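First chain A sits with chain B, and in the next complex the same chain sits with chain C.
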Partner chain A sequence: MRTADNRLILGHRISEWCGHAPMLEEDIALANIALDLIGQASSFYTYYGKLEGKTEDYYAYRRDAGEFQCIPFVELPRGDFAQTIARLFLWASFDVLYLENLTSDSDQEIAGIAARSLKESKYHLRHSAEWVLRLGDGTKESHEKIQNSFNYYWPYLGGLISSNQSLKGLFFENVSKHLSKATLKTPTAELITSNNHSEFLEPLLAEMQFLPRKYPDAVW
Partner chain B sequence: MVEERIREILREVKDPEIPVIDCVELGVIREIRVSGNKVSVDITPTYSGCPAMKAIEDDIRETLERHGYKDAEVNLVFSPPWTTDWISESGRQKLKEYGIAPPDELVQFPRKKISCPFCDSQDTVLKSEFSGTACKAMHYCKSCLQVFERFKSI
Partner chain C sequence: MSSENLWEVFVQSEDGAPHEHAGSVRAADRELALQNARDVYTRRGKVFSVWVVRADEIVATSPDERDCFFDPSNDKIYRHPQFYKVPRGVKGL
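And then the complex of A and B:
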């Protein structure tokens, strides 16, 4: 459930760029990535829903912050474009490993959802990795902005890797290799291990859930 | 065989985003089961967030109902995941005629030269890995100066 909630909330954050991205191609790319993440959440919710007798909409729209299991890493505001790219790169770097692992899950349906999501995640990783290179090895300003963004998100990686500690080594190795390629420093800040929600989740839910909460009979 | 007949009926269900190809050519139909007048169809979704999938699902039910198969069941099957390798030869041809470069055989990171669907030139560049829908990337042809979309190979 945590992985589904993470996908929904991060997808929502990235979708906030729709119509606001620095250029048209990037607007489309971010909207597509958000759609992938929300779609992945939907597949997982549908799967759990069958076990618990609930619909995917219940999980997305009828739960309060306390019932969500997402981690602060995905809840934090989208920030500027550098912040969005830094977080997406860190997320996708971990997610590719996480999903690869999940494709051998004993549950065929989970393994299937993971295999399909993995194809999408590889695109997210490649796209964000290219931007990390461009921004890191770009101008002085872009370099500073993307470095600050990595410094900002770094401590919250504690929550991300907590879902599968065995992938930690490879994840940090991959990330720091790419950061040095982009002339960036790998932050050394200590990781936060608490997964308590940040103060940013409730306002996000208020916006996302407004319509079905206000008009409970509304249908798609 | 009645399954074959159902398959023919399903050819009426087009991809709402790319209306020249049908759901059989798209390769999403996994299995068709018939018992009496009750039809059940297994489909494999393409992309997680593809809104066309829901439309295709509903359209399958409506089309079967129109042909007298009431209350058809449509099940989503996730494993194995859909791949562009399942798009049929006729589907690929229709994509090209529609102005979308068809996917090539599966490679993890497609980096080879893509032919322009309009003038067949290979002098093209990738503009963005993402385009108007999740399944396509944006390319530019330096010969005919035309932006075109390509079905990503996944």
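And then the complex of A and C:
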């Protein structure tokens, strides 16, 4: 459930760029990525829904912040473009490893969702990794902005890896290799291990859930 | 952005089919041009391969050359292949 919630909330954060990205092509790219993540969440919710007798809409729209299991890393505001790219790069670097692992899950359905999602996540990684190179090795301003963004999100990686310790080594190795290629420093800040929700989740849910909360009978 | 950042996008729907012009994207370099083309033109429908070509690398005829380039092509009926019967079973002609 945590991985589904993470995908939904991060997808929502990225979807906030729709109509606001620095250029049309990137606007579409980010909207595609947001849709991928929300689609992945939907697959996982549908799976859990079958077990618990609930619909995917229930999980997305009828739960309060306290019932969401997402981590602060995905709740934090989208920030500027550099912040969005830095978080997406960290997320995707981790998610590719996570999903690769999950494709050999003993539950065939989970393994199937992982295999489908993995193709998308590999693209998210490719897209964000290319931007990290360009921003890191770009102008002085872009370098500073992306470096500050990595510094900002870094401690929150604790939430991402806390329940996946076996992926930790490879994840940090991959990330710091790419950061140095982009002339960036790998932050050394200590990781936050608490997964208490941040103050940003509730306003996000208020916006996302507004319509079904206001009009409970609304149908798609 | 200058025309250096403009890329023309060609999409191939299946192996062996021609790459057809789909439109154009703006991008600062080759890799981003390819990614933008993927995001803008390939998210719906079946796609086998994508090409991007810098727009200013394309050599094109100009509108004033139209007459001498293309007009003679339509006034000689023997240039057209409609006198031939297409053998049965030939596809994709």
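FYI, the second predicted complex is superposed on the first by the 220 of 220 C-alpha atoms of A that agree within 3 Å, B and C clash if a C-alpha of one lies under 4 Å from a C-alpha of the other, contacts with A are read in each partner's own complex, and residues count from 1 in each chain.
Just so it is clear, contacts are C-beta pairs under 8 Å (C-beta built on N, C-alpha and C of every residue); 3 or more make two chains touch, one makes a residue touch a chain.
Keep in mind the model is a prediction, meaning the values are calculated, not measured.
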Next on the checklist: Under the superposition described at the top, does placing chain B and chain C together on chain A give a clash or a fit?
Outcome noted: clash
Item to check | Between chain B and chain C, more extensive residue contact with chain A | outcome: B
Checklist entry - Taking the superposition as given, does A:E120 touch the first partner, chain B, the second, chain C, both, or neither? => result first
Next on the checklist: In the overlaid three-chain picture, which partner chain does A:E25 touch, first (chain B) or second (chain C), both, or neither?
Outcome noted: both
Checklist entry - Once the shared chain is lined up, is A:R134 touching chain B (first), chain C (second), both, or neither of them? => result second
Checklist entry - When the two structures are overlaid on chain A, which partner does A:D36 contact: first (chain B), second (chain C), both, or neither? => result first
Item to check | chain B versus chain C as contact partner of A:G112, first or second or both or neither | outcome: first
Checklist entry - In the superposed arrangement, what residues of chain A touch both chain B and chain C? => result 25-26, 28-29, 32, 123, 126-127
Checklist entry - Can you name the residues of chain C that touch chain A in the complex? => result 25-29, 31-32, 35-36, 38-40, 43
Item to check | Of all residues in chain A, those that touch chain C in their complex | outcome: 23-26, 28-29, 32, 123, 126-127, 130, 134
Checklist outcome for this item: Within their complex, chain B touches chain A through residues 45, 47-51, 76-82, 108-109, 127-134, 138, 152, 154
Checklist entry - Can you name the residues of chain A that touch chain B in the complex? => result 25-26, 28-29, 32-40, 42-43, 46, 108-109, 111-113, 115-117, 119-120, 122-123, 126-127
